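Note that the chains are named A, B, C and D in the order they appear, and that numbering of residues resets to 1 at the start of each chain.
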Amino acid sequence: MAKRKLRGGMVGGGVGAFIGPVHRMAATLDGEAEFVAGAFSRDAAKSRKSGEELGLDPSRVYPTYQVMAEKEAKLPADQRIDFVSIVVPNNGHFPASKLFLEAGINVICDKPMTTTLADARTLQKIVRKSGKVFALTHNYTGYPMVKQARHMVSTGKLGKINKVVVEYPQGWMSGMIDNPGNSIGMWRMDPEIAGGSCCMGDLGTHAENLVRYITGLEIDEVCAELTAFVKGNRLEDDGNVLVRYKGGARGILYASQISAGEENCLSIRVYGTKMGLEWRQEDPNYLIAKNPDGTQTRFSKGNNNLCKDAQDAARLIWGHPDGYIEAFANIYREAFKGIRAVNAGKKPPACDHPTADDGLVGVAFIDALLASSKSKSKWTRMKT
Amino acid sequence: MAKRKLRGGMVGGGVGAFIGPVHRMAATLDGEAEFVAGAFSRDAAKSRKSGEELGLDPSRVYPTYQVMAEKEAKLPADQRIDFVSIVVPNNGHFPASKLFLEAGINVICDKPMTTTLADARTLQKIVRKSGKVFALTHNYTGYPMVKQARHMVSTGKLGKINKVVVEYPQGWMSGMIDNPGNSIGMWRMDPEIAGGSCCMGDLGTHAENLVRYITGLEIDEVCAELTAFVKGNRLEDDGNVLVRYKGGARGILYASQISAGEENCLSIRVYGTKMGLEWRQEDPNYLIAKNPDGTQTRFSKGNNNLCKDAQDAARLIWGHPDGYIEAFANIYREAFKGIRAVNAGKKPPACDHPTADDGLVGVAFIDALLASSKSKSKWTRMKT
Amino acid sequence: MAKRKLRGGMVGGGVGAFIGPVHRMAATLDGEAEFVAGAFSRDAAKSRKSGEELGLDPSRVYPTYQVMAEKEAKLPADQRIDFVSIVVPNNGHFPASKLFLEAGINVICDKPMTTTLADARTLQKIVRKSGKVFALTHNYTGYPMVKQARHMVSTGKLGKINKVVVEYPQGWMSGMIDNPGNSIGMWRMDPEIAGGSCCMGDLGTHAENLVRYITGLEIDEVCAELTAFVKGNRLEDDGNVLVRYKGGARGILYASQISAGEENCLSIRVYGTKMGLEWRQEDPNYLIAKNPDGTQTRFSKGNNNLCKDAQDAARLIWGHPDGYIEAFANIYREAFKGIRAVNAGKKPPACDHPTADDGLVGVAFIDALLASSKSKSKWTRMKT
Amino acid sequence: MAKRKLRGGMVGGGVGAFIGPVHRMAATLDGEAEFVAGAFSRDAAKSRKSGEELGLDPSRVYPTYQVMAEKEAKLPADQRIDFVSIVVPNNGHFPASKLFLEAGINVICDKPMTTTLADARTLQKIVRKSGKVFALTHNYTGYPMVKQARHMVSTGKLGKINKVVVEYPQGWMSGMIDNPGNSIGMWRMDPEIAGGSCCMGDLGTHAENLVRYITGLEIDEVCAELTAFVKGNRLEDDGNVLVRYKGGARGILYASQISAGEENCLSIRVYGTKMGLEWRQEDPNYLIAKNPDGTQTRFSKGNNNLCKDAQDAARLIWGHPDGYIEAFANIYREAFKGIRAVNAGKKPPACDHPTADDGLVGVAFIDALLASSKSKSKWTRMKT
């Protein structure tokens, strides 16, 4: 029998947004789900128009997500949405997630999970209590070669990990530095909306998550310098961090929005006693293993020599590039496994997608960075 | 108003096939279409099972495509499929395309278009007469940076084109060369199914199409050597071609299935009097312009400095890699534009997807290669 | 008239050493100099044997550099060496340089210049007083494309520099981490010989020098964590540094000897308000400019579009790779310009090679790193 | 005992020439030789001036190479040159080589060896009879990683070779195509001086030599199209060749001087039944092995895991790039081994440098290309 399509709703992500369409393409790529409901904008008219353009039944397009949660929860089980994708700015993540989880609806949520550590702790508890799936879209862990990297670390190919360098430079704000009149006025720079961090919340948390996903290393202490280069920026647009991982590994982690000419250049290098690894998001279908004898081995997506997770995560065979959407879709695919289990009356199983636990670590990471930065880069212990 | 989803059918591409899921993901990526019918296999039971797994209404899953064409044509307009995707081996392309076109149904078809030049000419006429859309999935032309390359040539950035080097090596058959017992027995090597060519029909036609798409150059004469290295191969698994383009440009075109260790390494280099260009399918989001002053300019997908076609073809902004599926989806998106026009009673407009005219050139190209090869690599004029 | 060949002597660098032959090849590459004297080892017999293998007149092969300085100084001007290359371990740099300078002989010396800041200050004064040339072999600044990078910064192409990331990972010690019995016993790890730092003295100073050469930025404060991963290592084999440059730029600088599988991967990325730049020592003939519009421009060695310094520093035209020796030879070539001027009775002119001033900064940099590290990574002001 | 420095003479290569300084740097890089004599130009005054700038004894600077050969031959053995480097345009190679060999002087000569096949055959015989060393500077075979490639083929790592793609595009003439007034008037385009071929003599012979050096494959037949794109060019500036090697391998070989934006992009890909290999001259310190399982292994210069020849050919360890000069110097180093043996009264040993036998093959290759091209690309057997 065919699996029935899961029904999804969306909060935010109206037409014109960047991340809304990404979620829609990712969630539906495998034909496993369709979006049937949404509250696409705080502006009810805009929301209606977005629903219309997406071909939704107008009765399922809501003026606010609060109304949506209430109404959807009351629908019969065979009509009600199975999950909601929350793609609003940061400060909406917590209340919307809370509401839908408490309404009994599974949640896929953008990162960072919340804007405060207290909220993150609360949400983690709500998720645990809810018996529902909560997936956080640290989408870069969906790439097949990231899974291969994790596999190589966990099976001991690298020996003991001693050093990790993770970088996430973007450059799109660099042109604004010289143009103070060019008030960017984006929500990312508004502490009321973004929380206490811009660059590190947006990019740095992806970097932290990627390190932890691949290596399993947990941060002990951070020493951070956060800088706002763009005049008028109320939050940092660049952050450099020294990291001490539990167990003795040392690391560098940086993220930037003012690195002129960089696009979305997340990369990671992991060095163990036996081998080094390198992966770059902008060339995602390859993983470089650096061998101590001076050779490098390039693994490539879609081959049988990869671990099972990497093979399963590839939508196409060797030489046929998978991209960002396919990786993002892998987060959804794993969440859908969990949702189907929950629908079948089971507890949410452990699936290969970021969870509220990861979300809490991410927010704790931001918190530690902010504390270190405020203390003039004192080493600061990370506390979840 | 939302555009209604177009209804698609599929011939071939049952579960387990490589190209079937690619078509399904590509056709539905933008939420513009859904598959509602299919004849997925010559084996009616397999077809049924595939339909089931895809969640199709069993009444729309047919034992043969002939039945499918007949039954679908009789359905009311608001149920009938808008298009059929034909993804069977080569010898099925012509009869299936003919049947559906004559039944008034738009066709998206895999390449090469037919197995004989006569059939290609016939099909071109049928398409013209039908008033329907016929799109051939030379999918590599769907990549944004290929469109940028075409733009740079057509706007004169390269000056007059003098040389084109296009290569399409794969290596998956290389291990078979030494293992004669390893009879591959694939349809690609069966002249009854594949037509007169294996490697050049499968890969070489993509290369020819890519050159023509980017440069507009038309082949005048070819001088080809086709070789079957794998013991037992009845058709060539490697082909090297010298090309004379109309207007004086010269070229090299080769394709291979025995180039050990290569994956899907289609690449093109175009040299004009003012600039050279290079694009590689395995790193598709970049285009290299080689300037005579010794600099190279790397253009990358998703930026505002690209031509409109390249911008429109990108699903994501800079630094967020688009892959094979997204490029493939661009072929469908253009075909859908045409289909919506036809549905609205118009003549099929000129859209940016390969057509029956391209298909005819591709088959003529194969024909010329075979003739040249048989004559011990005599220069042979290509005739459509 | 042909320029006469300058006569060189060497301290250290006997047969079997790594850096001795590099100096010999670099100094003689252009036919401007020849080595005629040396004290190649602390072991007089080894020194003699090295001199023999190099074809030197035995009367010019000395048992110690002290004897060498004394004897060479007494030779008639038309026989005496014009310069000495000091290629012994770190702790020999200061006394040997002092001795030869005071004997009136120009010095080319390996880095770091001295093992203590006090010595560095003293040597800087000795150099100034001597009227002789003192060149420090921060050889990486000899690469043509490094000169092009400097030119692009100094002519404002990048706008204001905001961020610099410089990395220098090597991996040759990584295999030793797990093998404590494998006591490496190298001089680099002996504080008596190497000074207070291993990795940062050996590699980190190159990184610091490269940043300063290209950008002109001066370090204000550093925040460093230095780690000895290899059991038994008395000095650090890995160092991560946050940097505050005067004027507001921020940076990351790291060096490592335990980054498994890395060879000699010095690289630098400089980000200004208008452009980013990237250069990698392992691919030295190219410089990447990252433009805010999403294009990257690759400049390559040996082309007319480069600045004069970059053109002059290239020994071969485009497409003919210059390597490490050629870059090293550029340091010598500039030193030779100075030596010829001094020989002609002039004051040492400003030539394009690292000087005692650079050497002092390098030692001050190490000093600041050690101080910061000892204080648990407190921000520490760098003082020359 | 130190080896005495070999004494060299040079024919051609006066100051301002490109290749003269390359030979001088390459020959003297290891301190094994020095140039003491020369006939640097057909213009005696220019020759004198070049000798002066090089610091040569005026009595050893000759107005013509004929005078040079005569005079040098009469010098006492301990003054006479040990070898002559012939770096004049093509038509000078034969008479000068002949003259010096017959005067008992070893010869290092630029390629192509002669301008006619008859001369090549004659010179091969003269060399054999002379008992002297004759080395042809197909310098690209001097790169360490080319030697590693040869080793991997010869030890069976690739299995049976089936396909070879070798490319040598340059672009420096591309700008001339549109400027007919821009008469280039270079000797390379003058059949009286260059012989029957420009591009293939200059670049194509390197490509042929590289294939043979790495694979040992010998050409059976060629099918060539040679084109002069630049208006006024009397010889071809672009050539595309299909190749049949003895034993069944097939190949593509092309060279070009009109490939806009290419610098000196010699590259080779070799495909066997078990593995593929790729090497690029512009990135010469790496060799890529393409494995059938979808991994690629990058070997890099200066590591212990390479074959002995590759290790010996590296002047510097891993991560310290060797360049064009170092590779060129390896040709000289091997020739010097032979010359020292000859000086010691032995027969010229088999050393790892191209010989007159290679030179003859190169000229025969050009001859076959010209014959094939004239016959409208008929397959033409290559005859030495």
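Here is the rule we go by: contacts are C-beta pairs under 8 Å (C-beta built on N, C-alpha and C of every residue); 3 or more make two chains touch, one makes a residue touch a chain.
Note that the coordinates shown come from a computational prediction; the quantities given were computed from them, not determined experimentally.
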Farthest chain relative to chain B (centres taken as mean CA coordinates): C
B-C against B-D, pair bridged by the larger set of C-beta contacts: B-D
Approximate Å spacing (C-alpha centroids) for the pair chain A, chain B: 35
Inter-chain centre distance, chain B versus chain D - centres from mean C-alpha coordinates, in Å: 43
Centre distance in Å when chain B and chain C are each reduced to the mean of their C-alpha atoms: 55
Residues of chain D whose C-beta touches two or more other chains: 262-263, 294, 296, 300, 302, 318
Chain C-touching residues of chain A, taken from the complex the two chains share: 158-160, 162-163, 165, 167, 169, 171, 174-175, 177-178, 223, 225, 227, 229, 238, 240, 242, 244, 250-252, 254, 256, 258-263, 269, 271-276, 289-292, 294, 296, 376-377, 379
In the complex with chain A, residue positions of chain D that touch it: 293-300, 302-305, 318
Complex contact set, residues of chain A against chain B: 1-5, 18, 21-22, 24-25, 28-31, 52-56, 170, 262-265, 281-285, 300, 302, 315-326
